[in-house]
Amino acid sequence: MFRNNYDNDSVTFSPQGRIFQVEYAQEAVKQGSVVVGIVSKTHAVLAALKRNAEDLSSYQKKIIPIDAHYGIALAGLASDARVLSNFMKQQSLSSRLTYDRAISLAEITARIGHRAQVNTQHYGKRPYGVGLLIAGVDAKGPHLFEFQPSGVTQEMVACGIGARSQMARTYLERNLDHFEGSSRVELVKHALRALKDSLSQGRELTVDNTSVGVAGISEDFKLYEGQDIASWLDATFENREEGEEGESMEVDT
Amino acid sequence: MFRNNYDNDSVTFSPQGRIFQVEYAQEAVKQGSVVVGIVSKTHAVLAALKRNAEDLSSYQKKIIPIDAHYGIALAGLASDARVLSNFMKQQSLSSRLTYDRAISLAEITARIGHRAQVNTQHYGKRPYGVGLLIAGVDAKGPHLFEFQPSGVTQEMVACGIGARSQMARTYLERNLDHFEGSSRVELVKHALRALKDSLSQGRELTVDNTSVGVAGISEDFKLYEGQDIASWLDATFENREEGEEGESMEVDT
Amino acid sequence: MFRNNYDNDSVTFSPQGRIFQVEYAQEAVKQGSVVVGIVSKTHAVLAALKRNAEDLSSYQKKIIPIDAHYGIALAGLASDARVLSNFMKQQSLSSRLTYDRAISLAEITARIGHRAQVNTQHYGKRPYGVGLLIAGVDAKGPHLFEFQPSGVTQEMVACGIGARSQMARTYLERNLDHFEGSSRVELVKHALRALKDSLSQGRELTVDNTSVGVAGISEDFKLYEGQDIASWLDATFENREEGEEGESMEVDT
Amino acid sequence: MFRNNYDNDSVTFSPQGRIFQVEYAQEAVKQGSVVVGIVSKTHAVLAALKRNAEDLSSYQKKIIPIDAHYGIALAGLASDARVLSNFMKQQSLSSRLTYDRAISLAEITARIGHRAQVNTQHYGKRPYGVGLLIAGVDAKGPHLFEFQPSGVTQEMVACGIGARSQMARTYLERNLDHFEGSSRVELVKHALRALKDSLSQGRELTVDNTSVGVAGISEDFKLYEGQDIASWLDATFENREEGEEGESMEVDT
Amino acid sequence: MFRNNYDNDSVTFSPQGRIFQVEYAQEAVKQGSVVVGIVSKTHAVLAALKRNAEDLSSYQKKIIPIDAHYGIALAGLASDARVLSNFMKQQSLSSRLTYDRAISLAEITARIGHRAQVNTQHYGKRPYGVGLLIAGVDAKGPHLFEFQPSGVTQEMVACGIGARSQMARTYLERNLDHFEGSSRVELVKHALRALKDSLSQGRELTVDNTSVGVAGISEDFKLYEGQDIASWLDATFENREEGEEGESMEVDT
Amino acid sequence: MFRNNYDNDSVTFSPQGRIFQVEYAQEAVKQGSVVVGIVSKTHAVLAALKRNAEDLSSYQKKIIPIDAHYGIALAGLASDARVLSNFMKQQSLSSRLTYDRAISLAEITARIGHRAQVNTQHYGKRPYGVGLLIAGVDAKGPHLFEFQPSGVTQEMVACGIGARSQMARTYLERNLDHFEGSSRVELVKHALRALKDSLSQGRELTVDNTSVGVAGISEDFKLYEGQDIASWLDATFENREEGEEGESMEVDT
Amino acid sequence: MFRNNYDNDSVTFSPQGRIFQVEYAQEAVKQGSVVVGIVSKTHAVLAALKRNAEDLSSYQKKIIPIDAHYGIALAGLASDARVLSNFMKQQSLSSRLTYDRAISLAEITARIGHRAQVNTQHYGKRPYGVGLLIAGVDAKGPHLFEFQPSGVTQEMVACGIGARSQMARTYLERNLDHFEGSSRVELVKHALRALKDSLSQGRELTVDNTSVGVAGISEDFKLYEGQDIASWLDATFENREEGEEGESMEVDT
């Protein structure tokens, strides 16, 4: 029987140089419902699939505005995401109070990356079980960053994380050349189509299960849900056939 | 023989990205007797099933008033609930003393969620073994929040937690559309009916085993027990047949 | 062979949401000799079975006066009880010095409950291995509280803990309706009868093996032992037949 | 094969509510040579069997004077006893310096009991492996206290601890009624006879292997050894037959 | 079955005096894509293979400028590299602010070596899973240092680390005599050829997958990517045949 | 197969009340070459067998002068001995500086005993692996103390510790009556004879492998080695036959 | 199968009183290439074999000057050696700044010995995996000390540590009588010959693989490498035959 002796904490390397607990934390990201981000020359867009809409909760937070100029989308452990988003809000506020300027997205992303790395190198902690897409516009223009449980962060042109996000990434890679020049609405449409590709067979995006976040040059980051996204959904999937929504198995716990 | 190597503490991910100790703590919630919460446009209501009434204790605290404007219902470890409720009382008092205002329910809920998350990411602690429903009315109107051992919190329209609470949730989901417009007494009745559906075969709600908490716009949160709830019980189950109460197996320890 | 992987410390939940170490600590309570408490509208009474009287120690402390208005009875680890009783004495004294008032029994009970909970949620400590009955009279009248190793505390009308205390509780439940209106001496008699029911076959309560504590409105808590309880014993068991005392197996270690 | 999973530290309860490490520490007491204490209305007496007298050490400290009014006898780990006796000396001195009075024996005993309890409830420490008899005279008269590794302390009329001390205790129980009224010399004789009963077959008490400590009202605690105890030994065992001393297996390490 | 009892942490020596966790950390370096460094009398050059260029990220940081006079190339865990590079930036800045001079490369290398050693001698930490090449020009001329997870650092004439870097090192060893006198462009060509030798069969260096860093006497360290390196690639591999790029398996995680 | 579950640290008692790690530390003492000490009414003498004289080290420190009035002999781990001897030097110096008097040997011995006991009761430390003989003259005359890894210390008339020291102790016990009245030179001879008895077959004491330390009333402690001890050796073993020295297996590591 | 239960940390004694982790650390010393030291009445000399000279590093530090009057040679973990040598440099500098004198070699050696001992008695650390030869001249003349991972330090006339150093020690022991009176160049020759004896079959000492350090009365410690040692090599091995160098397996990691 196989017995892994190297996967019980994040301060132990396997003989191949892997840190399994960090990889397992990445699996927690894959348990979360899919989120997508894309950036153009003028805008940054996030789109997220929310948990089943028929349950009793008013709403599930998949996209969280952090400061006027950016927000995040999350996949994985919601309580870990809250810790990180609170940290980001504090850091962003501190930047405005101290320096009177919006924190750059590269900077705030590096800070949570640094914070996450600490948890992968000290016994008695665990990696954050959540992945984030950080999207917005700062002094250098629109940006999209991906944050991983390992503490790795990288600037992306487009990205999808969470359950079945490989399908979203495939869409994004195929359309990579179109993003830079896309208009605001085109960028939203691309994000929704990428999101749609990650749905299980027979499921559709609806005003109940979809969130969109948009920031642009001279446009603060804003979260759109419910009827606010109806026209985008109609415009994106105008010819779609009526179908039953399947069961969603992935949830952000 | 199956041997789980990943379920001994809350700082270890399983290869599938799960944190078993957090899930096991959730099981402690299911060992507690059922509690239900519903919110309308004007009121927030909690209802709870108390431990067997024939024993020697004067009463069992399933619903705890925290501040003038809200209270909580708990399922799970009572001593963990006391720690959290004391914390909430302090935070609420501090808000009134420092800012002269009632703390918002979203804020107080986020604070206990944050506190609980810490226990899921540091070796040597354990998750809280209790679930809470936080119900009341703040500056933004009536609210109901659910708190889970994982630190996840979410605003709910209606919710049931504890032993056999799935039956309560099924009732709540079926009647979801009626809550927003319900009157105070209708909301109490819905809560009692949901609670009743979670009882084991042959048991009934009585003035001895039932607690109700109500807050409304311009109505402070108040706990109702004993004869104070007799008329509600009569009005809700007026035609019920006389039956023997069964044995309750679930207890909050 | 059954191997329990979840019972080695108090920061690990079992897959069923149980914390075994807390339950095992409760077993330590059951190793202690039985103590009983009852409260009426005017008085609070404790009664305790002391360790075999033939040994060399002058006396065994089963009932400890804490402050003028209340005392405790203990079952389980005597050294743990001393730590808790010292803590209660300090807190009670502090209340008198700081606020010039007797601490309420609900308050002092909540404080030891809080203290005990901490030991169930931090690695490297263990739950207290002792159960307490806290009895006395404060500004709100007579009270009886039970404290458990889990940190759970609850107000009781009557209660019995320790070895074979189930028999005492059965007596108490059967006579529950009589307590509220009982006179001082009737309450003592009830307590002694409940205590007697928990003795093993053939054993009797004597002036050597029995302690009684009484507090009342306008009557400070006082411990009665030896000849001071002779008349109570005679009045309670006046017709009892002469019998050999059996061996007592339970001891408070 | 039996495998005890609950006996590796003093912060783990067994399923029966036992703390094995504390019980094992008590075994260390039984490895020490026997010591005996008795108290009368006027005097407190300690008697101890010293390690084999033929070895190279000048003497073995089984009885240690702590303050003018009391001393201790020890059985078990000598280095643990030194830590505790140093602590007692400091506390006693502090009482004299701060309050200008001799510390009460009940108080000093409670303090080492408290200190010992801490070691039974914190991971990374171990219980003290030594038992003590604390004997002397304070403002309330002569006293004898027993201290156990568990932190349990109790006032005794007479007590014996260490190897084969059960025989000493049997003697003491049989003569319990005589102690209160005994004269100084009678009390010493009782102690020596009890000590003698714990010797292995064929061994005798001699001026080389016996220590006696005595305190009385208006008589400071004093340690007697060598020829100072010859007359007591002669008076106590005047008719004893000449015999070879056997090997003593028990030692205080 | 072989079971290694000595490879679970970096504070345990094997019976042969090895510290396996440090060796495993070295394996993490080998999982990263290859980087190469060479130093001449006048210049220091770094060259790196970036992760597959077809994915969605804008770029992958394999070479990081630290101060005006030097930069680093990394192979292994990117988040560990960020921690170390941030530390180097702070130390370098501090040197300029405090002493108004560029920190020497030997000094900054020794500091990260010291920092890394600490992680190999304290339980609860893990070695850094990244190797670095530190290249630049200080008061003593051009330098190249290698940093290993063990904390070992050494000055090199040329070096290659990362996946298949053995091939690069073989090239470097064969051409060792040419480096000292090489011109700036010749040194870059050597670095690119060494890098090329570590590619898997059929892969080529392109403007998309190659980074180059150059510092020289009177020339600040600068990172070159994309079209900035086109002419170097052309000049180095002018006669290369057109080929399909193979799959790169090595990634810096 | 026997498997000892109680011998991995010094905070765990075995079911028989033993602390194995302390006993194992005592074994380290037995790995050291033998040292002997004797005290008379006027002098205190130490004698020690040094490691094989043919190796490359100038000398091995088996006897260490600590203060003008005393020194120590050691058997076991030399680096542990250095820590303890440094501590003793500091304490002795402090006594002279603060109180202008030589520290008593009983006092300094108690202090290292106390320090050693701490290491037997706290997890994460280990007992000192060295035994000491402390010999010298203080205000109360000549003294000899033995220090053991357990923290046990006792005053001795004569003592031998280290490899084969049982033979030395046998000699000492047989001549116990002669020591008190011995002259300085007689005491040294006794010590050398006892030391000789612990040598393996065929080995002899020589000026190269023997150290002697002497202190007396009005005579500071002094270490004698090499030719300084030639006359003592000659006088003690004047008739000895010439023999090959055997291999010494015991070493102080 | 043999299973050693006592070799996982340096705070556990084996039943034979050994500390295996300290012994394993000594094995790390044996993995390092050999270094040799000799002291005469006027000089102290170190000689070291460097790692294979054909690799890319400029040089490997086997001998490190610490202060004007002394230096060290190391065998084992290079990063551990750097920590110790930095500590020695600080201590030496501090001595010059505070007392205006060169630290004595006995003192600096005792300090690193003390520091190393701490790592053998505290859980969570590990012994240093490096051996050192400390050589130089202080106020008392030339000295050579050996430092071992156990913290043991001893003054030596001559010493060799590292891979195959037994051969070097054999040479040194055979020529022990010649060292004291040797001239500077004779001492260097002895050191080189001892070093040569530890080489594997067919290997030779060359200007590339050999380092020499020399200090004398009125001669500061200086490191000699490359052509600086050519004449010494020629003079020492003038008649040696030309041979292929074998593979060196030992490396300082």
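Note that the chains take the letters A, B, C, D, E, F and G in the order they are written out, and that residue 1 is the start of every chain.
Methods note: contacts are C-beta pairs under 8 Å (C-beta built on N, C-alpha and C of every residue); 3 or more make two chains touch, one makes a residue touch a chain.
Predicted model, so just to flag it, every value in this text is computed and none were measured.
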| item | value |
| --- | --- |
| Partner chains shared by chain E and chain G (touch criterion as defined above) | none |
| For chain C placed onto chain E, the superposition rotation in degrees, Cα atoms, nearest 5 | 155 |
| Chain A and chain C, separation of their C-alpha mean positions in angstrom | 56 |
| Computed distance of Cα centres, chain G from chain C, in Å | 70 |
| Chain F, residues touching no fewer than two other chains | 123-124 |
| Successive chains along the ring, chain D then chain F then the rest | D, F, G, E, A, B, C |
| Residues of chain D that touch chain F when the two form their complex | 4, 7-9, 20-21, 24-31, 54-61, 76-80, 82-83, 86, 119, 123-129, 253 |
| Residue numbers on chain D that touch chain C, as the complex places them | 5-6, 10-19, 110, 113-114, 116-117, 120-124, 146, 150-159, 169, 172-173, 176 |
